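Input: one structure, supplied below.
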Amino acid sequence: MSLPETPTPRTGQDFWERLAQLDRRIIFAFIFLALAIPLFFTIRQPIAVSPEGRAYFEAIENLPAGSKVLLSFDFDPPSSPELQPMAEATFKQLLTKNCKLVVIALWPQGPQQAEKALAVALRDPQFKDLKLEYGENYANLGFMAGDEVVIQKMNSDLPSTFPSDYKGNATLSLPIMQGVKNYKNFDFIINFSSGFPGTREWVQFCVDRSGSKMIAGNTAVQAPENYPYVRSGQLKGLLAGMKGAAEYETVVGKPGKGVSFMGAQSVSHLVVILFVILGNIAYFASRRKK
Amino acid sequence: MKSKFALFLFGLALFAAVPAAVGQTLLPPTAVRAKDAPNDAGKSILALWQLSASDIKGDKAVIGYQIFRSVSAQGPFEAVGTAAKGDTLFTDHVAKNGTDYYYKVRTLGALGVFAESETGGPAQAKAQWFNSDRSNAFLAVLILVTAILYFIYKASTGKELYIRKIAGLEEVDNAVGRATEMGKKIIFIPGRQDMDNVQTIAAVLLLGRVAKLAAEYETRLEVPNVRSMVMVSCREVVKEAFLKAGRPEAYREDDIYYITEDQFGFAAAVDGMMLRDKPAAVFYQGAFFAEALIFAETGNSIGAIQIAGTAQPAQLPFFVVACDYTLIGEELFAASAYLSKEPRLLGSLKGQDVGKVFILTAISLGAALATLKAMGWFSGEWTAAYIKAFLVR
Amino acid sequence: MRREIPLIITSFVGFLFVIRFFIPHEPFASMENTASSWIQVIKAFAIWLGILNLLKISGEKIYKKDKGWGFAAIVIASFLAISIAGFFFPFWETRTPGDSFIEHARKFQYPGTSFDWFYTYVYTPLSSTMFATLAFFIASAAFRAFRARSFQATLLLLAGFIVMLGSVPVGNALFSWLPQGWQVSDIADWIKNYPQVAGQRAIQIGIALGIISTSLRLILGVERSHLGGEG
Amino acid sequence: MVSLTIAGFLTLGIMSFVYKDNPVYKLCESIFIGVSAGYYFVSIFYQSLLPQLTDKIGITGELSDSALAYYRETGSLASPQWFNLIAAVLGVMMLLRLVPKIGWIARWPLAFVIGSTAGLRLIGELQTNIMAQIQKSILPLWDPQYIDGSLNMAASVGHSLTNIVMVAGILTGVVYFFFSKEHKGVFGGTAKVGIWFLMVTFGAAFGLTVMSRMSLLIGRLDFLLRDWLHLLG
């Protein structure tokens, strides 16, 4: 599989040829400005919600109050601009439904990202009066090495896969974990992922083997690979990248970071698109001359 | 605070329950049965019942069901779990294999009101030797495995198997040749995953072939690694290739080296090396992640011939746009067979094609049935059964 | 011996995980669970192996005073700094009454610990920024690659163009004259959900077949080149 | 504030790479490699190894009565815990890779991992990416849509076209991946249509990725301008 090559630079080029070979650092500078300047302004834009983004919201909305939900945090700080706003908004929606949350991670950085998202959600004034307690309403079981094997093993025995939580308590001593043996004891599963192991593995070894219902939040890079699972119903909903986060915040009705960053996204996308158009004009102009 | 909330809930429940409780009494669930949970390792029994008449009417007083269990029909019964209203099934996961269990189900109402069913059962938990829900998957595995093994066998008995041209692989020779002309080196990166990823194995197989060419052309080959295990395998494979090419003395172990496991540490190191040494050809084969674009962009800027191959769908677009040739997904696995012409590899490739014939037939036939059904010319049940045959639980 | 035992181990474990899928009966379930626990441990050690390898190589560089050994020293120094913070600093930090040393130490990544400081103010900015530089690279790649040189390249360009526009609110704003239901974001959603999914499925089916046949060769011991020769 | 300044300078140091490779970037990169190695070193120990090797034997934490009862009933504790010590031995064998003379012993634990992945993937790929995808690709090529009980032609044609695109895309794409037949004639033409679908797929994926990558930089700029320099409200 191949695409024709860009002609290699030669001496004595005219304007169009030089434009076609533009120094990439000029593009870099434009991108930097396109992202930085909009951050100083509040740009209000209507966010169009995609069907799979709405499905994500509705899947949680349709859970019976008090459902037990397993959340897996499979990402690290670099992906947090995309996934952290989703995680925070998801926690809030789940907590308003009084769900019981169990967090695990297949990436070592996951537990800390989960703690940070939970802290943001719990700071929300609407949960002040509920007095949500660790171990009772939510728990963080920490990270476990083993990738897809960990997912597979929880089909039969979750407590021995995560013998202790993030703080070092025995998992089975937590009230929320009473009677939990495997995926069947959870009403719902949510996965935030930015690579391997991630949604692909969760679908393969959890959803398809246990029949659990799952939704996922992905980085926009990862999402195309998982769209087939949405279409086939193996995933009940999918949030793709910052746009996904913004969509979700829009449906929930609580605009947060995802929405506020979309201004910078718009401008930077326009810049990329203009460069693509420019590149094509230069390409055709220099080709016609030959 | 917590108690306040509880009080609130209690109040809410009271508000909902009182009118209902005054109006009528709660009815118990009916037809309680028990049976062994199928297709499992034992220790589980299913308790089934029919909805309480109150539940069917949508009576707000029904909160849910509570399931009780005993080893004798007379009791004593102990609570084993609860189910939501509208549910008609509870899986008891803590049964002993081979013991008779009896079940009772209560409809639960607010304020501790309940209505208890007749006793159902007995049933025993048993382990099964075959998961019958998976017979179709078993059949599929059987077909695929047989096809692959058959063609491996056939190829090993000397039968010629045809493999189509794979664009990009034809270019491997040219790339190595060009590096020789320019007097510059070749870089081969076998992905960023460990030996347990099959893509890495495919990459290492391909490396053997590239190394043999490099040895024949007397061109320097460098292999930077992210995993020490992969580095060892690469060394073995390259050493063997140089030996086969009759130039064992040209093999330099230090050209196959480990950098760091860290994604961007590795990316930055390889990037810097490419900018300094300007290799004439770069191969990216195996599992790549975000670093794919950095590599491909840098390689492109120094004008190297780039041949990529990966089965990471997320990274394919970047390789396709920035490299000269890209092996897409399965082509990566086919590449080593194509280049080496080794029977076991050719055979399994042919087996994979048999799999594809099955897949194409299954989808076409299914689409035809579904279309006929939509036009009303064919039985809906048959079509539904056909579609369901591909479901594995 | 050096090749045969690994081959036997691979076959045995591989076969176990396959038949366990079809046979729910004991002892396979327990065997699979035990094997899984072991893999959790082995994979943890595998990550350690990478780290130790890095330290070894950096150490050698410093010892031989190779080019860039100063940077190798910085690698080791920063490794030690965060490791000491993780392993030993918990002992200096205030302990919750009733916790044993080990119980306390396991709270090493709590907000406020020195390990968490490293995570928040050193690890996070460094790793995030490394990733963020991709924003620049993708822009230059788009500029260079998205050119209508051939029919195939034009398809790539058009699909990329529409999805890019449809991903941001400004796309709909620019083409607001399009009828309801045919907005740029709707067309982008359609591309993502249908032709894109069709292509992905074809790719994934191919990959799945490739993985299955390689896995089969591994389990049957037909594939052994990855083990190399003696040594 | 000191902490934020450190984070700010590290951010700028890495960003300088985009302009040109330079010593400040090299310094930040070295710090990063060291810190990330250390991060993994510590968290693997406390989060993975310690729980897997010691917890079930019961060094930390008290099990509640009900938990113990559960354990007794289900037999989760029945698997002998010293079994995991064998895993530790295998793990140490892995580390022996560092000793050149006996490095080959590391192949044993590696073979264990390879076996598990091969076994899991063989089934997993078949079930998830073949069987399930076949099932959901079976779509009627004529998909009548009824609105208020009467046939809506426009919607029906729309849905049918979408289904045809789906089925055609999958079939032609799979044909492209055929290896044992030459891409000539009708077969070759079909494979070519398959490539077109792949191109649309890659284009769409690329387009989505632009957003992903921009997000990463927005995140950093937000940190620099808001959290560190307080330039944003």
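All chains are identified by letter, namely A, B, C and D, in their written order; residue positions are counted from 1 within each chain.
Basically, contacts are C-beta pairs under 8 Å (C-beta built on N, C-alpha and C of every residue); 3 or more make two chains touch, one makes a residue touch a chain.
Since the structure is predicted, the reported quantities are computational estimates derived from the model, not experimental observations.
Between the contact lists of chain B and chain D, the overlap consists of A, C. Overall, the chain located most centrally, as judged by its C-alpha mean against the mean of all protein C-alpha atoms, is D.
In this assembly, the C-alpha centroid of chain B lies 15 Å from the C-alpha centroid of chain C.
Taking each chain's centre as the average of its CA atoms, chain A and chain D sit 12 Å apart. Centre-to-centre separation of chain A and chain B, using mean CA positions: 20 Å. Residue numbers of chain C whose C-beta contacts span two or more other chains: 18, 21, 29, 33, 36-37, 39-41, 43-44, 46-47, 49-51, 53-54, 102-103, 106, 109, 119, 123-124, 127-128, 130-140, 142, 144-146, 152-153, 156-157, 160-161, 164, 167-168, 192, 196-197, 200-201, 203-207, 209, 211-212, 214-216, 218, 226-227, 231. Across the assembly, chain B contributes residues 41, 93, 137, 141, 144, 194-195, 198, 228-229, 232, 260-261, 264, 268, 290, 297, 313-314, 316, 318, 320-321, 328-331, 334, 349, 352, 355-356, 359, 392 that each touch 2 or more other chains. Residue positions of chain A touching 2 or more other chains: 1, 3, 24, 28, 31-32, 35, 78-81, 109, 111, 144-146, 149, 152, 156-157, 160, 164, 166, 168, 179, 181, 208, 220-221, 224-225, 228, 231, 241, 243, 265, 268-269, 272.
Of all the residues in chain C, the ones that touch chain A in their complex are 29, 32-33, 36-37, 39-41, 43-44, 47, 102-103, 106-107, 109-111, 116, 119, 123-124, 127-128, 130-132, 135-136, 138-140, 142-150, 152-153, 156-157, 160-161, 164-165, 167-173, 183, 185-186, 189, 192-193, 196-197, 200-201, 204. Contact residues on chain B toward chain C in their complex (touch as defined above): 39-42, 127-131, 134, 137-138, 141, 144-145, 148-149, 152, 194-195, 198, 200-202, 204-205, 208, 227-229, 232-233, 235-237, 239-240, 258, 260-261, 263-264, 267-268, 290, 293-294, 296-297, 300, 311, 313, 316, 318, 320-322, 328-334, 344, 348-349, 351-352, 355-356, 359. Chain contact summary for the complex, chain D toward chain A: residues 18-19, 39-40, 43-44, 47-48, 51-52, 55-56, 60-64, 66-67, 70-71, 74, 76, 79, 116-117, 120, 124-125, 127-129, 132-133, 135-136, 195, 198, 201, 204-205, 208-222, 225-226, 231-232. For chain D in complex with chain C, the touching residues are 3-4, 6-8, 10-11, 14-15, 17-18, 26-46, 48-50, 52-53, 59-61, 79, 83-84, 86-88, 90-92, 94-95, 97-98, 104, 106-123, 125-126, 128-130, 133, 137, 162, 165-170, 172-174, 176-177, 194-211, 213-214, 216-217, 219-220, 223. Those residues of chain B that touch chain D in the complex are listed here as 43, 93-94, 136-137, 140-141, 144, 161-164, 166, 194-198, 228-229, 232, 260-262, 264-265, 268, 271-272, 275, 313-314, 316-318, 320-321, 328-331, 334, 338, 349-350, 352-353, 355-356, 359-360, 362-364, 366-367, 369-371, 373-375, 386-388, 390-392.
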